[in-house]
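The structure appears below as structure tokens.
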Amino acid sequence: MIWQLDLSILTLIVICAFATIMVKDLLSAAIIFGAYSFLMCLLWTEMGAVDVAFTEASVGAGVSTVLFIAAVHQTTRRVGFRKSGRGLSKAVGLVAALLTGLVLVIAEKDFPGFANPFTPASLHVSPYYITQTLHDTNVPNMVTSVLADYRGFDTMFETAVIFTAGLAVIAILRRYKKDDRCDLPDPHVISAGYPDTIIRFVARQLVPFIQLFALYVVAHGHHSPGGGFQGGVILGASFILLAISYDSRMIIGRMSEKWNILLGNIGVLIYAGIGFLCLLLGANFLDYSILSKVLPATDKIMARSHGMLGIETGVAIAVMAIVVSIYINIVSCGKYDKDE
Amino acid sequence: MESIISDYNYWIYILLMMIGLYAMLAKNNLVKKVIGMSIFQTAIIVFYVSIGAKEHATIPIIAHGHGHGAVEAAIDVTHYANPLPHVLMLTAIVVSVGTLGVALAICLGIYRRYNSLEEDEIQEQLQ
Amino acid sequence: MSFVEQAPVLIVILPLLSAFLVNMVGLINRRYCLPFAILGIFGSFTASVITLIRIMEHGVIHYRLGGWPPPFGIEYVIDHFNGLVLVTVSFVSLLAVIFSKESIKQELPEKIPQFYTLFVLLVTGLLGMTVTGDAFNLYVLLEISALTGYALIAMGDNKALVASFNYVILGTIGASFYLLGVGHLYIMTGSLNMANLLTILPDLYSLNVIFIALLLILVGTWIKMAFFPMHGWLPNAYTYAPSAAGCLVAPLVTKVSVYIMIRIMLSVFSPLYVYSVVGLSDTIVWMAVIAILSGSILALAQTDFKKMLTYLIVAEVGYMVGGAWLASSSGLTGAILHIVNDALMTLCLFIFAGIVIYKRGGQQLQDLAGLYKKMPITMAAFTVGALSMIGVPPTAGFFSKWYLILGAIDAGKYHFMAALLVSSLVNAILFFRVIEIAYFEPKVDHHGGDSHKVAIDEAPLSMLVPLIIVALSLIVIGLYSGDIVTNIIQHSVPAGL
Amino acid sequence: METITSIKPLLAVLVSLVAVIPIVASGSKPNLREAWTFLAGIIKFGLVVSMLPLVLNGSVIEYTLIEVLPGLPIQFRVDPMGMLFALVSSSLWIVTSAYSIGYMRGLDEHSQTRYFSFFAVALSATIGVAFSANLFTMYLFYEMLSLATYPLVTHHQDDEARISGRKYLSYILGTSIGLVLPAMLIIYSLTGTLDFAGQGILSIGLSKSTVTVLLLMCVFGFAKAGIMPFHAWLPAAMVAPTPVSALLHAVAVVKVGVFSIFRVITGIFGTDLLLSLNLGTVLCYIAAFTILTASLIALSQDGLKRRLAFSTIGQLSYIILGASLLSPKGQTGGLMHIAMHAFGKITLFMCAGAIFVATGKKYISEMVGIGKRMPVTMTAFLIGSLSVIGLPPTGGFISKWFLVLGTLEADQITMLVVLLGSSLLNAAYFLPVVYRAFFCTPEESLFEDKVQEAPLWCVVPLVLTAIISVGLFFFPQPFFNLARLAIQGLSGG
């Protein structure tokens, strides 16, 4: 850890946060927010949280920014001035923020020092993971082993959260009938952008490599930063890239809504299903070691490792499908181009 | 100097938290509120990841060469960053992107019906 | 695998699995969605009941997920308290899902698969929050229930979207405060397991940071349960939600948040800490008094029936928070009993509102006119729910109020007792206003004789049956509240109080 | 004193509740429906009477239904005091049912099925109050009665009924939730029990102010007793059909109120405690105020039913006065007055209803000369009046006699004056009605020759109750013995 670096990144982060809140153009705000996320990603790396950094890069700097831009594209860039009640809500916001800040500062006084290796958090519970991960699971990346095994139950619901979000977006935005009750202007049709041959060509060539890399991230998550979630997001991003450079119709043509939903379900079901399989085999839910009964030539430790690989695959499939689905719904405002 | 640095990380998270909270409550534009929400959530991530940081520690992946079960005894706990907060924050990031998606979807829905993203204009139309 | 042994995890897993099945069969034919949803929730209900019976026989159940011992892995801990809440949550969800059949066909015919998937996921989230013994796992499920809640509410009409957006913002603040509070505990202890935290924390009670962690978690749960003055999001969100969603969200979300608050108070911090070391009791009981009074008064001002109910929820939350903070065993008993009773009462009233919307197409008070003639059974069930809200024996609402008031007397907090009584009186005014409208209008001839008859026009059975069941259960639970308290709740109330 | 466990009290309570089902089911066949009502009434009366010998032998019948709260069951106990009240209510239900048939059919009222159903529920609640073994059970049935009578009071479903219904509920529910409920909880919190015990449960060394506050909360909280200033619901509730006024507002509802106060004074506070704190006198003055004021107001009322209502308010306070005298004779008189007043007042109400059915007249000023057209009814009216005034040869005399003895025994001369004074007032507002009905010149008479007595269903019941009123003067034993036993139980236990 290099404290000078830490300090400068943090300073930049605060500047970005201020800017993105203050700037009057929503598109700029979205872009600055992308930069903010990217700086965050650097900060994580600098603090040794490589998996978090990886996720932040793909989700925060990547997908979130795309979603913001898509949303701004569908609505407006303008930020108006509040006409009424400006003072009150500002006061409420200010008081709440200051109060929270004050309370947190008081709490901060009692914190053990930053980066101290002998804090309670570093001495209780977590040493077990560091020392036992190889012994218990044969997975050197302890983030993966904690994520997918020790606290695998959290992760299952984490996947369920993203699935829920995808479904929620469909539930809120999707319009099936051509003539729905809303009489406001139809959303901008994003496919009507001007065709740029160079961009399309480059994107097309890139996609296979991106996807290959994504698969590597999924498969190699045991040994290096990455795993199902990051891989899934990258896979999804590859489709989004196509959708941006061509049009969303092209993606809907390849990954129809039904398929998307089905993949999302299957992904989470793989996860929950493996857990349930453990239960059927007589162990507790998500206790992969019992899988050694059905997997050929595996002992209990390797069974855990394989179990994790299985659920990572499920996560990747689900996340990919859901990320694409969220993007398409937001960018088409729920009215898929295909329907028209 | 060290103590200032140690505070610095926590100061910043508090500052980000305040910025986010202020934006969520005081901003008039819905997308700005959503951005505030994202900043608010990342502030918490800063807090957690800072808990996991250790001086002179490396990333929480055991270096290659440590064979299966052979050299556990040699693993020095202070040598690796605390992996637990990282795991928790992976989940938190996913949650925040999920919330972001839903919030933006609602924003779009609102815009289509009220043709505005400004809170006061929407309230006017509601009455 | 033994169903009984695995029941604790099946409570959560069965609805989770059924959510995906519902979604997938919805791609084939949306008529298949409902049976799978019912199946999943029914399985969960069965598992909850089995678990509760096992607890009553053998005591607290621990279940290690993934086989990892706590505090390294996640653990389910089910004692009498959350056993009871689990049965309540799954029972209410079961009735709500049966009710939803016709209502959702009318209100959201195109989005049936999405609706039921989100519905079952919300149930999963609520059950998961209740069953877990891990502070962070609770957060994840909190977010599942929050996201599904946002979406279910946003599926309502145009106003619902705006309400839902406010809910997203405030709900996120609430969940984040909870997470931040857990973070403060984690930085000081290194643990996320509730039981583990309970043993570590006493050494740290003197530190400010522990108090602030408690404060953050409290504020987080208060926002989630719409404790006055953090209730701003609730009335609109629950009023404009689709009626089938309202039947699930309104009875359960606030109640589960109350459960979380009490769970954190008792099982992470200790009664000693929350009641004695930090001097918050007085302040919070006063806040509860204000919540009860404001909720009641705001409810009086409404002409929209559903909105009136939502303000009553705000008042009822005040009951439970106040009861939990009275620092007396009767008060805590009352708060816990009220979680169960209020869930059922709210369900009863929201199903009734749903039926009115289904039949009359509106939710204003005036839409209820003349209903006693047209829907006598519906109105009878509604009357039971209303009496329970007022607190007339032998309905369930009376008994929780009994314990709450007793707790207030024991703790010497007479202002809380007064608030409860005032709220009962306001409820009496509110509901008799409703009953009066339904009983009197439209005008009938005085001396028309029995020949003057209005054709009875009840709602479909799938709506009526859940309503009748919940109304009956209000009476049955009322009559057996003595047993519930001695056999279940007493075991959860710390002895030292 | 022997305690017998028997399910009979529960059956007595439930029989009319269960009868609602066949009543509703046979709603389209009025004759069958009324047959059910009669059947239930007779079974109920039979059950009550079957327990009478045991009670007169000094036994107590108990039945515990379910323990709803720890140490606080829904429990029935039949003792002389409860028996007395149950006997009055259940016997008068049969009479009123018959009268209801005549009245409701005579006026072709709507929603008769609903009417008879809620009437049955109200009776269940009344018997429930009579047989309650503890304050909690009593509160439960008290509230049940409040709610069951709402549809009866507002039977006409017009604007007047709506306003009266509001007034009725706000007084009754407001006081029971606002005063009785907290008082009950405080007592429970202090003593850990709510059982009615012979000498009360509160003699645990509480301060005088605590006891005073609790006592006032209870006395005013049971607003069905019509103690001023919580009396206004009673005249308002007179918009109900007359049988409702007759049974509920002369017997069941109002007597439930005074009975509850009686129970609380004797069973919760205990005579000795109140004597030692000298709180009886306070109650006496409250009752005396109500007696005199109500009688004075009654003088100025022209509506016959309203005049009866104010008379009821005054008479109810006689009973409270009897209880508050805290002397055996006074309390015996109070208890007996529950029965004596019931028979007298129900006769008067039924007469008012019969006049309305036959002529459509509601006001006293319109009734000049009616005695010549409806001699039977008006004779019954005279007997009822005498009973309420407390003149021989009617039952009212007996109870008033004991009340007077009670004032002497308790050395409350002021109260003696109040009693005598109010008797004069009673006479002043009743006798002119009778006088004008019979004694007027043919020119003054406001009635044509064709005006007839009301239908037989109406007339027979009121004649019956009038006869009983007279009969009670000569044979007061059943009620007198019960009252005596009840009071003995208090001092002996």
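By written order: A, B, C and D. Residues from 1 in each chain.
Everything that follows uses one rule, which is that a contact is a pair of C-beta atoms (placed from the backbone, for glycine too) under 8 Å apart; a residue touches a chain by one contact, two chains touch by 3 or more.
Everything numeric here is computed off the predicted structure, so don't read it as measured data.
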Item checked: Chains in simultaneous contact with subunit B and subunit D -> C
Margin query: Going by the touch criterion at the top, tell me which pair is linked by more C-beta contacts: A-C or C-D.
Written below: A-C
Next item on the list: Round to the nearest whole Å and give the separation of the Cα centres of subunit A and subunit C.
Entry: 31
Next item on the list: Would you kindly tell me how far, in whole Å, the mean C-alpha position of subunit D lies from that of subunit C?
Entry: 43
Note to self: Need the CA-centroid distance for the pair subunit A / subunit D, whole Å please.
What the structure shows: 74
Notebook entry, point to check: subunit A to subunit B: how many Å between their CA centres?
Noted result: 11
Note to self: Can you list every residue of subunit C that touches 2 or more other chains, as numbers and ranges?
What the structure shows: 136, 140, 143, 147, 150-151, 154, 161, 180, 186-187, 192
Next item on the list: Would you please write down the residue numbers of subunit A that are in contact with two or more other chains?
Entry: 104, 108, 111, 119, 121-122, 125-126, 129, 151, 154, 158, 161, 164-165, 168-169, 172
Next item on the list: Please list all residues of subunit B that touch 2 or more other chains.
Entry: 17, 21, 24-25, 51, 84-85, 88, 91, 95, 98-99, 102, 105-107, 109, 113-114
Item checked: Chain contact graph, described as a line, ring, star, complete graph or other shape -> other
Next item on the list: Determine which chains touch and list them pairwise.
Entry: A-B, A-C, B-C, C-D
Item checked: Contacting residues of subunit C [partner subunit A, same complex] -> 1, 6, 9, 13, 16-17, 20, 23-24, 27, 63-68, 71-74, 110-111, 114-115, 117-118, 121, 124, 128, 136-137, 140-141, 143-144, 147-148, 150-152, 154-155, 161, 180, 184, 186-192, 200, 207-209, 212-213, 215-216
Notebook entry, point to check: Residues of subunit C touching subunit B in their complex?
Noted result: 136, 140, 143, 146-147, 150-151, 154, 158-159, 161-162, 164-165, 168-169, 172-173, 176, 179-180, 183, 186-187, 192
Note to self: Which residues of subunit A touch subunit C once you look at their complex with the stated criterion?
What the structure shows: 103-104, 106-112, 119-126, 128-129, 149-154, 157-158, 160-161, 164-165, 167-172, 174, 176-177, 258, 261-262, 265, 268-269, 272, 275-276, 279-289
Checklist line | Residue numbers on subunit B that touch subunit C, as the complex places them | finding: 17, 21, 24-25, 30, 33, 37, 40-41, 44, 47-48, 51, 84-85, 88, 91-92, 95, 98-99, 102-103, 105-107, 109-110, 113-114, 122, 126
Note to self: Please output the residues of subunit D touching subunit C within their complex, sorted ascending.
What the structure shows: 27-28, 30, 66-70, 72-74, 107-113, 136, 139-140, 143, 147, 151, 154, 156-158, 162, 165-166, 169-170, 173-174, 177-178, 181-182, 185-186, 188-189
